[in-house]
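For clarity, chains are labelled A, B, C, D, E and F in written order, and residue numbers in each chain start from 1.
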Amino acid sequence: MRRFLDWLEEDAPFWDVTTEALIPRGLRVKAVVIAKSSGIIACTEDVFSVLEPLGVKVKEYLASGTQLSPGTIVAEMEGEARTLLVVERTLLNLLMYLSGVATITRAFVEKARKVNPRVRVAATRKTLPGLRALTKRAVAIGGGDTHRLSLSDAILIKDNHIALVGSVAEAVKLAKRKASFAHKVEVEVTSVEDAVEAVRAGADVVMLDNMGVEEVRLCIEKLRELGLRDRVIVEASGGITLDNVEDYAATGVDVISTSAITLRPARVDLSMEVVRN
Amino acid sequence: MRRFLDWLEEDAPFWDVTTEALIPRGLRVKAVVIAKSSGIIACTEDVFSVLEPLGVKVKEYLASGTQLSPGTIVAEMEGEARTLLVVERTLLNLLMYLSGVATITRAFVEKARKVNPRVRVAATRKTLPGLRALTKRAVAIGGGDTHRLSLSDAILIKDNHIALVGSVAEAVKLAKRKASFAHKVEVEVTSVEDAVEAVRAGADVVMLDNMGVEEVRLCIEKLRELGLRDRVIVEASGGITLDNVEDYAATGVDVISTSAITLRPARVDLSMEVVRN
Amino acid sequence: MRRFLDWLEEDAPFWDVTTEALIPRGLRVKAVVIAKSSGIIACTEDVFSVLEPLGVKVKEYLASGTQLSPGTIVAEMEGEARTLLVVERTLLNLLMYLSGVATITRAFVEKARKVNPRVRVAATRKTLPGLRALTKRAVAIGGGDTHRLSLSDAILIKDNHIALVGSVAEAVKLAKRKASFAHKVEVEVTSVEDAVEAVRAGADVVMLDNMGVEEVRLCIEKLRELGLRDRVIVEASGGITLDNVEDYAATGVDVISTSAITLRPARVDLSMEVVRN
Amino acid sequence: MRRFLDWLEEDAPFWDVTTEALIPRGLRVKAVVIAKSSGIIACTEDVFSVLEPLGVKVKEYLASGTQLSPGTIVAEMEGEARTLLVVERTLLNLLMYLSGVATITRAFVEKARKVNPRVRVAATRKTLPGLRALTKRAVAIGGGDTHRLSLSDAILIKDNHIALVGSVAEAVKLAKRKASFAHKVEVEVTSVEDAVEAVRAGADVVMLDNMGVEEVRLCIEKLRELGLRDRVIVEASGGITLDNVEDYAATGVDVISTSAITLRPARVDLSMEVVRN
Amino acid sequence: MRRFLDWLEEDAPFWDVTTEALIPRGLRVKAVVIAKSSGIIACTEDVFSVLEPLGVKVKEYLASGTQLSPGTIVAEMEGEARTLLVVERTLLNLLMYLSGVATITRAFVEKARKVNPRVRVAATRKTLPGLRALTKRAVAIGGGDTHRLSLSDAILIKDNHIALVGSVAEAVKLAKRKASFAHKVEVEVTSVEDAVEAVRAGADVVMLDNMGVEEVRLCIEKLRELGLRDRVIVEASGGITLDNVEDYAATGVDVISTSAITLRPARVDLSMEVVRN
Amino acid sequence: MRRFLDWLEEDAPFWDVTTEALIPRGLRVKAVVIAKSSGIIACTEDVFSVLEPLGVKVKEYLASGTQLSPGTIVAEMEGEARTLLVVERTLLNLLMYLSGVATITRAFVEKARKVNPRVRVAATRKTLPGLRALTKRAVAIGGGDTHRLSLSDAILIKDNHIALVGSVAEAVKLAKRKASFAHKVEVEVTSVEDAVEAVRAGADVVMLDNMGVEEVRLCIEKLRELGLRDRVIVEASGGITLDNVEDYAATGVDVISTSAITLRPARVDLSMEVVRN
């Protein structure tokens, strides 16, 4: 809520000079948010709940996760014309982006699960500053896995850490000793050997970073051979797109993570129409 | 700066549990930011200046607007490994997005100016909440026009306003009477007649909304015939892409505005590498 | 609203130690705000709307712009005695100042319009930090023009800019090339020659700074002679008071701007009286 | 400091569009703040200390309390032209107001002390929201007494409290029992009888509210007669101006409080001049 | 309220991942807060009032100051299960601590008043950062005196001040001359001589710091002998515990201050139980 | 840092009226923080780093984790007397509490590890609002395990969740399906049967809540018998004190969690002494 007020202030540091000039105070109107393209609507619960304290009566809105087609009514509201016109752009900018995230996430999930029904499609921390929580929620709404939400909720040992510590095994052991038992330990590896080393050192998750489909398959096989497959969650990451996600899923990985679902999803097109009461 | 601290806190509400476990306090390292794709770098001045108070020494960075190719060193820094690793993702998430905006903006500008050297390519208010100022700066760095920055700095009469006021002419006159003389009055119109009515009523700018190339051309001709062309800035908006921007530019419009440059630019790929000092 | 809470916290960083000691929790009272001098009331909509979430029922209040005489009831409220007594001073400090701004603005406007019915009386950026938006609103309520609201919403080239750039013409041209088409370009000039140079370079507004009445008249004549008068809005500024505003208005300027309306308006005297329910 | 950044953001929610267009990044200049009228400069320590973190080198500034005449150099700075131009108005708006407060306060103090060398001239809580602390400091710089800083630091029983509690004596006793021993108890009274009742009940301070000079004198005499004068600080308040302050001071009161020193002091006129380095 | 939202955000920077996974949106439940130990409940008015805007209906709660025994129902609420589960820990952490403060304060007050019915038991500024206001309120609820709330509301001259100024008498005089008449002047002294010097110099309060019971008694006698006892409030501080508070009270001091009531009170044990509606 | 400024503002919403009256601006002094009791110092890196931007030169301070005895110098600083005196109480209030947390944590750890060298002593979420991060750091400094930092970083299924979901097994399965793979799943159980059910359902951690020592031992044995012991981390919680921690440790649990280390640790006594330079 407080963040939403900040965003409104960003879009109107003083006031909406157009609306102030043209629309009389006290004019009450209806407004509908309408879909102009298809997709999955996301985060309506978060977004519409902040309008009430601004004096907008939200009569109905679609639950997050609902499928839209062009023309679907997403929400109906009633309130001061001035307020609705000020809120319009911020509301739509948010919903269009977040629904885009949910939509592309669902596309990834559906493709991947066709060949591997238990695979998870996960987001990364490549999100736009200030929008992490909502973006991760949109991923979940699309059926994806949020992965860690921030640097504070799981151990993920990356190349820079390994370089500074010395070796994969040493890093994993250090992490297991020094981090809280409440957090999982994941390691990013770039070779089958490192993956094995990581699992042996006790990693809960290994992330196969930028490996090709074949290499991922080999890695999983190797882990199986060594009897280590069940001890670890295997995640593939790097270069995974809607085009190759089935191939990765077919390798038997547990998790496929991709920034494609948060970085530049096609916006779900929405508009707001205002009608005199 | 304060916003950057908020963003760091979003990515590490407590602390980076990985780095805390693995990297000793006091370990000083060098870090370089390297381009992995080409593009125009943007907002380095804003982004790198916030690192000094965090104890990071920024030795050099490329000025905004510099062309990158894969391998270009964007910045060199020195500081505590812990700080650099915490800052990494937020820094890159910002720079990758903003540089993407600048890059696509420049592509639009170059295409458009080839056929109309005085045309401006402008952004809209379709930006992600919390990132308006930086996004508009990135547009400017790419050679684009920021357009209005918020609802508080220019009059833009849109369909919803006209519907509530009654007519284009009435809305323009009302705006000119009630808004400050310091602000321009722009009107969004959807027909040649409305464009003419708007200019006659005294609009400083008319935005031809979602008109095809041919209709834009007709509109401009009509204004010229009526001797109104020099009194007004003509802006085309809606459905303009890299593919048709030249056609729109060729109509002789003054401004082409598009959300394509802010909504989902291809990220410029950047990474950070850390080396022991 | 959030700012109002900050202000209440400024006046009671802990709590109101007097009221806490003397007034029992749960005592409900009526309170009226009464005018003790005449003037124009301002910003009641902004100020009274923030009381509801604090549990104060505002039963009625005068709309901004209403003329007060001593004894006029400005507002009637009902609520916890403790809350009303805590809020009293902040509420009155705001309303008294803002109503003072509206009142003096209206006096300027009336005098000026008697001799020049289309002239605008505008505020400057000489406002007290933290109160810009409300102060500008109060100016508008008094019939004045807000002028630019901040440094972000119009180009105003001043002496320091011209000194650094080199010449009026150069500065105007640079501004027109580099600033957004959505913003007007205004220049502050101190001589008739500079005014002409500014208009020829394409300025949308020229501000005649600290010119005497006669010089303003000459300047306007000169612009008319040169056929430039219709291309530009002419603003007079500096040293304009209630005593000489008619003389300036009579020169035919479009805008008269003055910090006299925001800097030290006579407060409209208001008090709050509390009565047991 | 943080408040100063808020104020800068108020004046430039995005950026200074003029300076951005005209002044190249990296241009370093000198700037001087010069007095254009006389007065007492105030709060320079607070105001100039916030510029360093913004990259402005403040070479010298006059200490608060220094007497200015037209032409006095208040401060010399060096820094980026862009930064100095953005900061200029906020800096001057603050200093001009606060120095005005200090100047008028000193005038009151000097007049009052001529006839009563131990009298104190005190401010009230009639200050503009957001500026309480700085305004009270400016009062102190002018030689005045800050009086209570907020509702949290002393008991001041006013008419509304007395009306709700029942009587002056009861209110004072209640306050002395329930408020902290660390806070003084002051009562606002409107008659000699109430003043006597208040002192007998144990008030540390009585404020004679809106009494004429003669009534104040009588009140003090009465207290002396009853042997109560030494037990209480006597404050006169209401309707006291530069014209009658000597008369009030001559009555022998301990404190004269007036909103005249904070509400609309004449601004001390200051300007900033920028010179290429 | 705003602080409470900050605290909720501290405990759920993103969201409650457990509740999100397990509890469906829209499930409405009842929740009761139940005492599991005895004590005095504190600050329920402050704490429960912030839940309404979060959508929790608070049906009833005990007033601050009520005595609890194990099993006492402190409050009954109704609302979304998700919200109640997120709020639970922050609510209980606050109430348990604050009620602990009130409980121990009342124990001190009761013991002390048995032997000296007018003595006050006061808190110090040894409170945890961010919790000053609530902690001081809890002290008052327990029957204690808040003492000064912060550094801004009374003069308290301590050893470090005296060392820098030179002597007790000089410090007191300086304070009386330079501080506002609205604030009391208290001095911390460590010997009978200093106490006498402080009172003679005009101190309103002397704090006998770390003196034994006998020394406190001697000091009070000395003041009485010298006819100074009635001019000053005498406070004993340092090393006072539940075990010796009666002895200190019996000396006839006016105030006993102790950090024992704020630093580590035994928590009053509370829990929340949730039941399907 | 920003939080520290908030805390300073809490303790001096205006300014330190004592220091302002007594200590001249510009007086530079040395200050030392000295231990007056023994213990483990904590969070000095966090606390002292915020003083530099306030103009205090911190010459040396002990690293977190250092053992103190009465008289140990914790830190030496140099700066304006005014600043140091304002900062003193907030600094000490923080360090005394946090060092108390570290000290008691180490005591628990040492006792527990004597009989079970691999056992971890973990904190809970029973911390004071606003101090979570620092409190958890202090736990880590004392050798404890932070446990989850907030509701956002691990799944912990508690009694209220189980009641609403239906059964332990169902809750665990739901959590494993719906929560992110990046987070561990922990369940609070109150019987051996539930513990077994939880592990079989796939819980990563079981917390034996309020079980006696004997019951914990039985539970662990049962898990071992069933071959489940290695699949799960076993945590004992509830009623564990310094007196019985060895007994719990001896049962072979992996983790012992207790609010005793955060709720009311004995403060480590510290004071600050100021000396003229």
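Observations on the structure shown:
Heads up, the rule we're going with is that a contact is a pair of C-beta atoms (placed from the backbone, for glycine too) under 8 Å apart; a residue touches a chain by one contact, two chains touch by 3 or more.
A quick note: this is a predicted structure, and the numbers were derived from the prediction, not measured.
Set against the C-alpha centre of subunit E, every other chain centre is closer than that of B. The pairing of subunit B with subunit C is characterised as same-residue: of all residue numbers used at this interface, over half are used by both copies.
In the CA-based superposition of subunit B onto subunit F, the rotation angle is 120 degrees, rounded to steps of 5.
In whole angstrom, the spacing between the mean C-alpha positions of subunit D and subunit E is 32. Between subunit A and subunit E the centroid-to-centroid distance comes to 45 Å (mean Cα coordinates, whole Å). The geometric centre of subunit A is 52 Å away from that of subunit D, both derived from CA atoms. Among all residues of subunit A, those that touch two or more other chains are 2, 10, 13-15, 53, 132-133, 149-150, 152-154, 180, 183. On subunit E, the positions that touch subunit C within their shared complex are 2, 45, 53, 132-133, 136-137, 149-150, 152. Those residues of subunit D that touch subunit E in the shared complex are 120, 122, 145-150, 152-154, 180-184, 186, 205, 233, 235, 254-255.
If you check the complex, the residues on subunit A that touch subunit C are 2, 5, 13-15, 25, 53. Against subunit A, the residues of subunit B that register as touching in their complex are 3, 6-7, 10-23, 27, 29, 81, 85-86, 88-90, 93-94, 96-97, 125-133, 150-158, 160-161, 163-165, 171, 174-175, 178-180, 183, 263-267, 272-276.
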